[in-house]
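Encoded as structure tokens, the structure appears first; notes follow it.
Each chain gets a letter, A, B, C and D, in the order it is written, and its residues are counted from 1.
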Amino acid sequence: MSYLELSERIDKVFGHLELRLSLRNGSVDAKFRVVHDMRLIEAVIEGRKVDEAPIIASRICGACSIAHFLASITAIENALGVELPDDIILLKESMNKIQVAQNNVVHLFFLALPDYYNARTLSELLSRNPDLIKVGFKLNNLCLQVVELLAGRIVNPNTYRIGGFTKKPSKDKVEKAVRILGEAEKLAREVVDHVTRLELPELVDPSPVYLVSESPIGYLSIGDYILSSTGEKFRAVDYPKYISEEVVDYSNSKVYRYNGRVFYVGSRARVLEYGERLVGLEDYVSSIVKELNNPYANIKAKALEILATIMDVKEKLDELKDRDLRLRTEYTIRSGEGVGVLEAPRGLLIHHYRVDSEGRVVYANIITPTAMNALHIEHSAMTLGKKIVEGELDVVEAKKYLSMLVRAYDPCLPCAVHVVVKQ
Amino acid sequence: MVNQTVVNVVSSIVARYRGERRYLMRMLQEIQSRYGYLPRRALEELAKLTGIPLSEVLNVATFYHQFKLEPPGYYIILVCMGTACHLKGNLDNYEAMKRFLGLGKYENTAKDGTVSVEKARCFGACSLAPVVMVISRDGKERYLHGHVTIRDARRIVAKYRSLALKKIKGGGS
Amino acid sequence: MTWTLMDKCCNRCWHSPEYPCRHYIRCRLSGPLCHEDVECRVRRSRRLKEIRYGRHGFKINVPLASCTIAAGAHEVYEAVVKEVKSRGILADIHRTGCMGMCYIDPWIELSKKGMPSAIYANVKPSDVPRIIKEYLEGDVSSAFALRNRTGNAKGEDKVPLLDELEPWRNQVRWVSRNCGIVDPESIEEYIALGGYRGLDRALNMRPEEVIEEIRKSGLRGRGGAGFPTWLKWKIAREQPGDVKYIIMNADEGDPGAFMNRLLAESDPHRVLEGMIIAAYAIGASKGFIFVRAEKPLMAERLSKAVEQARKYGLLGDNILGRGFSFDVEVILSAGAFVCGEETALIAAIEGRTRPRQRPPYPATRGLWGKPTIINNVETLAHVATIMAEGWEKFAKYGTEKTKGTKMFCVTGSVKRTGAYEVPVGTTIEKLVVEIAGGPPEGRKIKAVQIGGPSGGCVPASLLSTPIDYETLQKAGAIMGSGGIVVIDDHSCMVDVAKFFTSFTVAESCGKCFPCRIGMKILYDILEKITNGEGSEEDLEVLEELGNVIRSSSLCALGGTAPNPVLSTLRYFKDEYLAHVRSKRCPAKVCTKLVEYWINPDKCTGCGTCARNCPSKAISGELGKPHVIDKSKCIHCGQCYIVCPVGAVEKR
Amino acid sequence: MVKVYVNDKEVEVGEGSYIIDAVIKAGYSVPTLCFFKGIYREASCRICIVELGNGRLVPACAYPVSEGLRVYTNTERVRRNRRVILELILASHKIKCQSCPRKGGFCQLLDLAREYGVEGIPVCAECPLHGNECLLVRGEPCLGPITIAGCGSPCTREGTICIGCRGPITRRDVLVEAARLYKEHKIPLEEVFSKMKLFWNNHPSLDKIYNILLETYNGGEKK
């Protein structure tokens, strides 16, 4: 076999994407082609008022609008030098976390799991294994309810503005959220039990470098630093020094390298970095941690995160409900530069804005997890390709594994393609 | 004093029709033929005497085209707006008359109170289209002009204006 | 005081309204019936002759109806009186109604024993002496038409007979038979010409038989909707209760339709007779004549007819000794087009306003909650004639579904404007071109608008359509009360639609939304189109909105109000498109879309246009051709109207 | 008792009832505006029209039933007519949802407008005042007065301004009223425009909306 080109349009991902694997005389090349239409959100944001930027940013993607919204607003708060009280940060983080949980449910049940049950579509899986999927639906619904309670509505949050929340969540609301989360926790436990026992295709991560935002305490909090698997820690505002971006001609998305190396972000990275902080989940963590050098294991990490975040949010809200909260600070418009870093469902998300003295955004840069993962996906696919060359893998099977691989990263293409070529 | 006579007039009309609701239109017509229009005071009095709510009286008074709530000129020039008259250009006549009298869009009566120009419904004299009818305020005089042209229109206005001036003066002295 | 037919012949006659005689009507013509007396009989036949030919053998008919009066009949009448007096001749000057040929108004008819009856057209007061002189000298050559030929007069062969004239020949004068012949203010003449025979006959029958007679005749309401008259009566008859009402709808509001006025002014007793018959058939005890105050002569003549009928016991208690009591009250309507709608009319009589939702129909719950029949003037006139002549003669005319004759008022761009009576099912072409003479020279018929403001426009290509309820509805128009307006190529169809819409907008009672606001919006869109600001989407809106208004309005006014727009859109879409696409009015009517210029060859430089121009767009020296400054012109069209030599032209 | 078929479902109602009684008895519904049982049977709003078996459209509230009557409450023709009628009603409706006592989603007209997809009522109609201060009073450039309602106003409920994601109302009177409100609460129009650009940047009537707002806003100032 001298020449083979596998070109696979991947379904069951957010958006349009093609993975092209060419095997030529023993050499292997993979291209992660984002064919989703350009969205150019950064260009839209530039020139807008600061309070409008998060509104636009949250429209980048309906699936994780809260992450974009919060990253954007954090960047602006940083640029304006807003000091937030702990209460606000706590609620903000809860908002983000519960969305991570909800997003992971969607990914797991509706996108990734069919592969593991040899079902081509969700409906096929549903007819075959209705109980499992019903759990997914229910869990998703419960998470969405909490999202709505915290963020005002399911997509595009409207309870939070620069400097804090518009309204204090009523005690009823919080209690209701806690109650729902209690219910969700039980279901999530079932899910984790189930998913951690799944058998994964074997693959060794070709480039086990990851980046993750720093959480001073707990899990998935919003910090000012970025950590890498190499132990390096740098300030978020300094990201351009460490992360280099590159435009490729075959894709509508940019690709990124960390210190010249291919890296990945996402649940796998988060569990590897903060797994030991998950109190009460030590058994699960230890059962999957040895598998985590396999990119496919991302789904197990995601399953674990569902439970972890639900428990975490529940605990935080429970703690909040009897307290008198301070949820609003005043801010003044001034010029400045700020970077907002947080862990979106798919991994590290960076929003970077420069604001002029009239409160207009003059520069915007958004780095999304999918774009950061792009090179890593290519490299993983190449590893898979090598297996074909070496005859370990049948070509027909390879196609399936390829799409499973891409899905394991859960790329979100609408997020990736807002990127615009500067200069 | 003036109001007292209004009361007398209205009460005699109401008495004649025993104040029955079904004669409301007739009573209004009588009041109008007495004054040339429906004075507000008379309507109020009518409502009081008959027990019909004033709103109902006004409902009828404003609904039908015959009733006027503003005093008209001595002569009322009715410009027919029937189909045949429209096609033959009576709207132009109407506008020419109004311009001749210097009336604005919502004014119908000349400032000296001599003539009013009004659009009217078909008189059924379509064979003479375009038609202009002139009636005096008290309804006693009635003239019809057929095949009216723009020039006629002005002539008609001028004629009845001077006629009215004469009558108003004659009546006053 | 001369003896009249209505008076007692001698003391043996005992008829009075209090003690009515059964044979009163027949007795008038072929009496006396209760006793044998040669003198009385001779007296009657002498009087009948007098009525027919005048007392002195010379009779001058002068028509006095609103339309002829408008054309100057009063002055002619005075001139005739003066002339007769000054000549010292013995002549009966006889006031009649209008015979429907409005284009010859005012006319006079002279008839003398031994001479042909001659009709003179478009008479001016100054012509009167000459006409009378010529006629008395036996010369009828200047007459317009003759009723008969005797061979005694000069020029007889040159003048056509009335029956030969196209408008006359093609007519079937059924209800309008007396118009122009009888004195509308004389019950005597009406009876002498066979009036009230129908009532006499009806009262000899049981009410059910009367309804059956009407059913056989196939008469349908002439007011517009074409509901079978007998069915309406039957429904009302079968309603329980003693109190029922009948209303004569004489509130003619259609612009362009005046047959009801013509009938009621020229032959009011026929209409009244029909009403009494209808009242007998349904068992009504009280009737109302609802007549427009704006048509005073009609109201006056109807009231007079009611008075006379009451005087001779044709109204009141125990009519003609048959035990049937009925009285009529004339109510002056204050004028609203919507009162043509049954429920609105009832509301007006009750002293309220606005129509209400039907059903319940007035035939079951009408005036003051009692069963009420509302019939149009023409329908009732037909009833009287049918009862007098029998249903067979009536049913001879017309089509399968609609029997009899109908009066149509043809106006607009025709040579012979008038009200003509033809059998239902006559083609539009025959009525408009043959009878009414078509448009003036050099113009072409573009469309025929049938049915008043709520009717529709039928294009010239469909002129061969027979006029009856069903076919007209298919063509997008309605019969309505029978007003026909002929529109020639000098008129813009969008403007016509706008005119009718403006009418219904003004006349909408405002009760229901589709009509009140929908029509206003239709009008606004048409205004936009005629101002050259319309778009093609507007045409779609017109159509959709029109259909909605038609199907969901409360009363018939709203239900038919969009017809002019919808029918013109259907047949004259190209004109609409010319307005919206190329911003051009093909007929050069919409002033905003035409450009005015002064033809320098024609302009005399009088300066009239410059003086009348409201925007001071016209300049030029006196005596020299003027010019219009296009940038200042506001397209008001004043210069076009005022120019005495027609030098201002549109392009 | 009279047998009536509502959407082909047989139902018996007492004699002298109206279609609306039969419809309700059959378990269907028709929208009504001017009808109040026992008080008004005016049949003037025409929103309750239903289609009869013979194709006629009649108002359900005032049309008496008869034996064997067939009534269809939700045909395409009925819906289309209702939509146009609703548009007409709204065309003549003074839209001052800001001060309307039915504010906060208690507006029947709003519900109908939403159901039949007619624009005209602004988000303010849905925005509840209970416990909330109007954002305009707080001086924030809320687009509530000029945005098509129907979302349930989640943003203003949460105390953030409406950003007009459902699109603008292009009716002049609504815009004039909005401009008056902005002026009354001293909200600079530039901020409003800036918010309008978020979602309406390519709206074909944007210029028109701008101009009307500006005109009214500045026009009032001169007086």
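What we mean here is this: a contact is a pair of C-beta atoms (placed from the backbone, for glycine too) under 8 Å apart; a residue touches a chain by one contact, two chains touch by 3 or more.
Predicted model, so just to flag it, every value in this text is computed and none were measured.
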Of all other chains, the one whose Cα centre sits farthest from chain D: C
Chain whose Cα centroid lies nearest the overall Cα centroid: D
Where chain A and chain C are represented by their mean Cα positions, the distance between them in whole Å: 84
Distance between chain centroids, defined by C-alpha means - chain A, chain D (Å): 41
Whole-Å gap between the CA centroids of chain B and chain C: 24
Chain-level touch network, classified as line, ring, star, complete or other: line
Sites on chain C touched by chain B in the complex: 66-67, 69-71, 102-103, 105, 252-258, 261-262, 293-296, 331-337, 348-354, 409, 411-413, 417-418, 449, 452-453, 483, 485, 487, 491, 496, 499-500, 503, 509, 637, 641-642
Touch list for chain A against partner chain D, complex: 48-49, 52, 55-56, 152-153, 158-159, 161, 166-167
Residues of chain B touching chain C in the complex: 21-26, 28-29, 52, 56, 59-60, 63-67, 80-87, 89, 92, 96, 120-129, 131, 142, 144-146, 150
Contacting residues of chain D [partner chain C, same complex]: 41-46, 49, 56-57, 59, 62-64, 77, 80-81, 84-85, 88-89, 91-92
Residue ranges of chain C in contact with chain D within the complex: 356-357, 359-360, 511-514, 516-518, 521, 544-545, 548, 551-554
